[in-house]
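Input: one structure, supplied below.
Read from first to last, the chains carry the letters A, B, C, D, E and F; within each, the first residue is number 1.
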Amino acid sequence: MTDAADDEDRARTVRLSALTAPEYVDWIAAGDAVAILPTGAFEQHGPHLPLGTDALLSSAVATAVAERTGAKVLEPFTLGYKSQQRSGGGNHLPGTISLDADALIAQARQLLRGLLSQGVRHVVVLNGHYENTQFLYEGADLALRDLGLDPGAAQSVMLLSYWDYVSPSTLEEVYPDGFPGWDVEHGGVLETSLLLHLRPELVHMKRAVSHPPAAPFRFDRLPVVAERTPDTGCLSAPDGASAEKGELLFTQTVADLADELRAELGLGRP
Amino acid sequence: MTDAADDEDRARTVRLSALTAPEYVDWIAAGDAVAILPTGAFEQHGPHLPLGTDALLSSAVATAVAERTGAKVLEPFTLGYKSQQRSGGGNHLPGTISLDADALIAQARQLLRGLLSQGVRHVVVLNGHYENTQFLYEGADLALRDLGLDPGAAQSVMLLSYWDYVSPSTLEEVYPDGFPGWDVEHGGVLETSLLLHLRPELVHMKRAVSHPPAAPFRFDRLPVVAERTPDTGCLSAPDGASAEKGELLFTQTVADLADELRAELGLGRP
Amino acid sequence: MTDAADDEDRARTVRLSALTAPEYVDWIAAGDAVAILPTGAFEQHGPHLPLGTDALLSSAVATAVAERTGAKVLEPFTLGYKSQQRSGGGNHLPGTISLDADALIAQARQLLRGLLSQGVRHVVVLNGHYENTQFLYEGADLALRDLGLDPGAAQSVMLLSYWDYVSPSTLEEVYPDGFPGWDVEHGGVLETSLLLHLRPELVHMKRAVSHPPAAPFRFDRLPVVAERTPDTGCLSAPDGASAEKGELLFTQTVADLADELRAELGLGRP
Amino acid sequence: MTDAADDEDRARTVRLSALTAPEYVDWIAAGDAVAILPTGAFEQHGPHLPLGTDALLSSAVATAVAERTGAKVLEPFTLGYKSQQRSGGGNHLPGTISLDADALIAQARQLLRGLLSQGVRHVVVLNGHYENTQFLYEGADLALRDLGLDPGAAQSVMLLSYWDYVSPSTLEEVYPDGFPGWDVEHGGVLETSLLLHLRPELVHMKRAVSHPPAAPFRFDRLPVVAERTPDTGCLSAPDGASAEKGELLFTQTVADLADELRAELGLGRP
Amino acid sequence: MTDAADDEDRARTVRLSALTAPEYVDWIAAGDAVAILPTGAFEQHGPHLPLGTDALLSSAVATAVAERTGAKVLEPFTLGYKSQQRSGGGNHLPGTISLDADALIAQARQLLRGLLSQGVRHVVVLNGHYENTQFLYEGADLALRDLGLDPGAAQSVMLLSYWDYVSPSTLEEVYPDGFPGWDVEHGGVLETSLLLHLRPELVHMKRAVSHPPAAPFRFDRLPVVAERTPDTGCLSAPDGASAEKGELLFTQTVADLADELRAELGLGRP
Amino acid sequence: MTDAADDEDRARTVRLSALTAPEYVDWIAAGDAVAILPTGAFEQHGPHLPLGTDALLSSAVATAVAERTGAKVLEPFTLGYKSQQRSGGGNHLPGTISLDADALIAQARQLLRGLLSQGVRHVVVLNGHYENTQFLYEGADLALRDLGLDPGAAQSVMLLSYWDYVSPSTLEEVYPDGFPGWDVEHGGVLETSLLLHLRPELVHMKRAVSHPPAAPFRFDRLPVVAERTPDTGCLSAPDGASAEKGELLFTQTVADLADELRAELGLGRP
């Protein structure tokens, strides 16, 4: 387990909002400024995880990646797109408050446009809430159009979700009985283990409920058929989640993600 | 191989736009009107497939499903969301002309709102262009909000992509050397085989080029790195595509999809 | 009468969506690519005509004009702006489902911007639904602004409605008792005759009802006074409509429209 | 000729903005409050007419109609939709500054919604700039949707253009050599005569230039072909315009329009 | 007291809409064209002042400033942003009809963009309704962005409210018992005195009611607590208002504002 | 000085995002749930303060107020409306990245709508960036309209800025040489002292520069005249700022604000 205050201290050193304006100017002037934008949601995560889980996790990953790459971390998007029943239980559940597409797109577009127009070289949008992806993509695309950045430009936006960096071997270790798929990883072993590792004081394992994963569907139905979301609001139970698994997940994912950014963006080590 | 004129005749019998207004009124009045909206894109599909591939395929599937379920088919959305490099080669390629999120969302929202407000019981959005999904979802969600349709309502919207109904056994037969994943199925064996079965006159197999599938990426990068899309614009080559595979794919998918709709929406057979 | 399958075959040769990407690139590269966009609506057209009448007619005209000018035809806009009581009976009638201005403008703007930015020389928006006009105009104007195309530019958008190409002598022949005006030509002799010529299997002349034309009004009133629309939903009866008149209308209009485009845009004959 | 100060005084008695709030409340409480909204544009009107011609004319007509019907007049919309080459010379001309569709629609929607929601019984949108019509219509339609006002509602919006109330006999007298059509009536005999009658001090007849009317076109072309607008910016010359014709036009049009409103809305005389 | 007809005449000479297009072109060509845009609202102003007070006052100030600076005056914005309880009594009161932010921003943006793009050197937005300010600012900022006008550009927009030019000595004279603050100056001594000076026929002093100023609040609350607005709808009573005070306020404010514009924009005297 | 880790711990207990969904449900069910939304900006604050100053301060005040009132604190809005030259130095300065009005309005509207629709009784928007105010107001107003909450409703939104709760006696103590006004309090004594008290590790007093306050202007000018912002980017220097003053400011402001909320919303003490 880590210590929240320590985390907070470490986060400060990579937090872009902690810089003064002259420090920011110097950071840009160096020519290879990379900013990471963690994104999440305000969304129910079952009886044992906090509503802010998604942004907490993407922020923690972003901070650790930044420490390993010399990037800076932006304040997270703590509101996300609507929770969908197939991936998050549904937007009808209390504790889930979401943005429409237009607000999320506009917010991403305007922030990315601002960063790139001031000279940030690359912005990495590090997503922690599945449903955000396409709207963040649209925001990035529109920001680039606003700025006239076409293929071959020196600046770029990368968009990724941290779970796509969990390796097969980690998956095997974390899910010894078989990986149920990212679709049902809402309030399940991944998120619970990570948070047990990163913010144990926010996890209430005694309240966790064991139940089979939500049945997979090949379609979205709207309005949702409420009964299709397990009563807990989790799409799979956190059975077997542990801080140790969380540490493994975190360490491996952060390392691979940092490697990817270094390779893709030509970054050194800080 | 089927006959285009035959197809056209059959399509007419299930096409909602072919009804007169009194016929439409009767159709609604029966209380169980189901309309299927095929969606596609205007998008390059390599040297051997036409730009309109996605809407052609979703329309053909929709027509066949409608014949088996008593549903009616709406005119397709022939413009779609931006082609993304990981799933469609990228929006920078000539022959790809796309809508921004706002136009696609608005069009879906307003059509769905109109249909449901006039008494259509269920609308099935049958997608044929991967990148459309989330924007169609938002359109559906906003239409339901406009109408105050909450969980438990008698009316609904279903949203699905036809390839999610390809069965494992079909996959095995169609991809005897292993299924490369839907991500790279752009201009590949699935789409080519289906079009060889449905519209052979539009497929130019002699111009098809064999090449390895596009490398998988765990991130989107914008602007795209153009070289990451194979020169053909296809994410995987149509090697081994055939009308026979197309027939198998079409027949099985249509049957399973029709079954799903019957089960989910309580439809009989026409 | 024509044959639907034949029509379909001929349509294919001029349909832009039937091209492969390399064919599209060649078409653009020739420097004089002209694309025609047919636009219509989903709108009640009385007891004898199908809901999709407007797009069927504009598409047929577009196809024939393309064959005579070497232009290509885009997939039609099958949803249009709200039917107005003075020109279409009103938007309150079942079978009429319309777009708000914003969605129609956005769709036109984005498609036109895409086509022109990829090098299409001219786009001809060929309208078949009266109420669309001004919103298509706004879409075109915004697309040109987006691209910085000012007077004198080599590229352009033309916007026209096919009925404006019906000649006085044709009018006289088609309406021997006097032309009632385009305002009330909704489900009347023009549309019925054209469809009898082009798609007789979709016309139900036995269900047509004779009645005087709707009274002309010098104002729009909203909400509509429902009784002002004749019970049939037609603003004038199709009395005297015939396939022969349809052929005359079609042949003359297509010829004059093709001549106009050739003259205006400097096109040769294909 | 009338006197501007007199006009101003008379206008004041019917101007809604001149009421105090308690007077406004009383006006509404009477149950039959009718408000007239004059709409115009900021648009070049040739060398002899002022940029504000359209709103000046619609406001004068509105005031006179209000005096004859007991209605109140709202402050005019002095900015309008883009001048189109076929009806106003074009939006590229200096002195023409226009709104996009979205702003005009939003302004109309919000004003009409506000008036109707506070109990105004009917709002008459009295247009003086051709290109405004459809966008005002959309604004009205959306306002009614916002308020849930469906056919049969006690409240309504009427939308009309004052020139549609010019009678055939007036036309004959005003255009003894034949009426060239409303399309080319931009800076021509109608507008010039009316303004000579109403605001002679704003008309510079000595600067008026005689020229044939603009050639009629069956299409819009964008960007405009600048040469197609006569050098004056007028689509027809004001040859033969006179204050006497203006008085005839004004008197007859106002009378017929007032009659129409009384009949349509069940108004008495003030 | 001034004379309305005189005012009207003088206003005409500085009104931009009274120019013909060639005069407008000349005005621009001189290189130092300054246009003033008065903005107001349609808003209850107590029992003694008219609904249109804000635009009347800003227009009168604009006209007088224009006469002293050679600027031209645009037609006023007569609809404004929502009245807020702390500054205008609240948007819930009959007689107050407001725009949402989007419409006001769009209207300002498009007008300012048009003026600047045609060569107007500076536009001065002269506000008369407190709540408008930030939305006019956003409109101006977006117009400048549209045109690529950055710091150092030769063109500019100024945004100000006329009451900010009331001098301390005037304040002392007008409010001998102490100035209650601009927040509660809604229907109070300033507006009443100014209108008594400028348009006495529109002021009903006998209906004015004396009451203490509205209590100041450090917060906005929505929905409003209706009782917090005095029954009159005024935030302070017009006790002691007089035409003489109005003349002083008007004369001093106009003089200082004209001086400011001359100094800031390098204008001469007309 | 306080301890960051302690602060973090205390913040956690009142942070809404730290609740699990069942805890959230219980909180709502109690019937008097109050949520505080701190809002700030990403904005240069001179050489000595961090870019995230505004949200840090509003969040700290929100947390302390929540502890004294039983309210919960939402994640802050860390992006704000454009910095204006008169109140924040201007949006052209590096380190300032802002939202347009539309994104800020939409984000506020959708979050407030979500909270109120799920049963939160009151939301207090606690602003820390001057320029945000009107756009947050619009967001709140639209959220209430969406929900049909009119005067008299049991639910409400309060909107306030923390500096409006600094008392006269505190002002006197903090600014012994006279209070220069909130307008120029950007990077000055208030913000610096507060941050010295709350997050001393983020303040670089040695880099602070003494200079006279920015000259006051009675107008906004766009584009800004860059020289009018002091070189530091601060509108007044932090001369005399101290942690002691910060403690006084914080303690008094929090106490008065908590009292206000208790009185206004009928809250007890936690």
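One rule holds for everything that comes next: a residue touches a chain if its C-beta (ideal position, glycine included) is under 8 Å from a C-beta of that chain, and two chains touch if they have at least 3 such contacts.
Only a predicted model underlies this, so the values are computations on that prediction, with no experimental measurement involved.
Taking the definition of touch as given, a chain qualifies here only if it contacts subunit B and subunit D alike; those chains are C.
Note on connectivity: the fewest steps through touching chains from subunit D to subunit F is 2. When the contact pairs of E-F are matched by residue number across B-C, A-F or A-B, over half of them reappear in A-B. Here the spacing of subunit D and subunit E, counted between their Cα centres, is 26 Å. Chain centres here are Cα means. That of subunit B falls 56 Å from that of subunit E. For the pair subunit A and subunit E, the distance between C-alpha centroids works out to 48 Å.
The set of subunit A residues touching two or more other chains comprises 100, 102. If touching chains are joined by edges, the resulting network of the protein chains shown is one closed cycle, each chain touching exactly two neighbours.
Those residues of subunit F lying in contact with subunit E across their complex are 81-82, 84, 91-92, 100-102, 105, 131, 133-135, 137-138, 140-142, 144, 149-153, 156-160, 164-165, 218-226, 260, 264. Those residues of subunit C lying in contact with subunit B across their complex are 4-5, 8-9, 12, 15-22, 24-25, 28, 42, 44-52, 55-56, 75-76, 78-79, 93-95, 97-100, 102-103, 106-107, 109-111, 114-115, 118, 201-202, 204, 207, 233.
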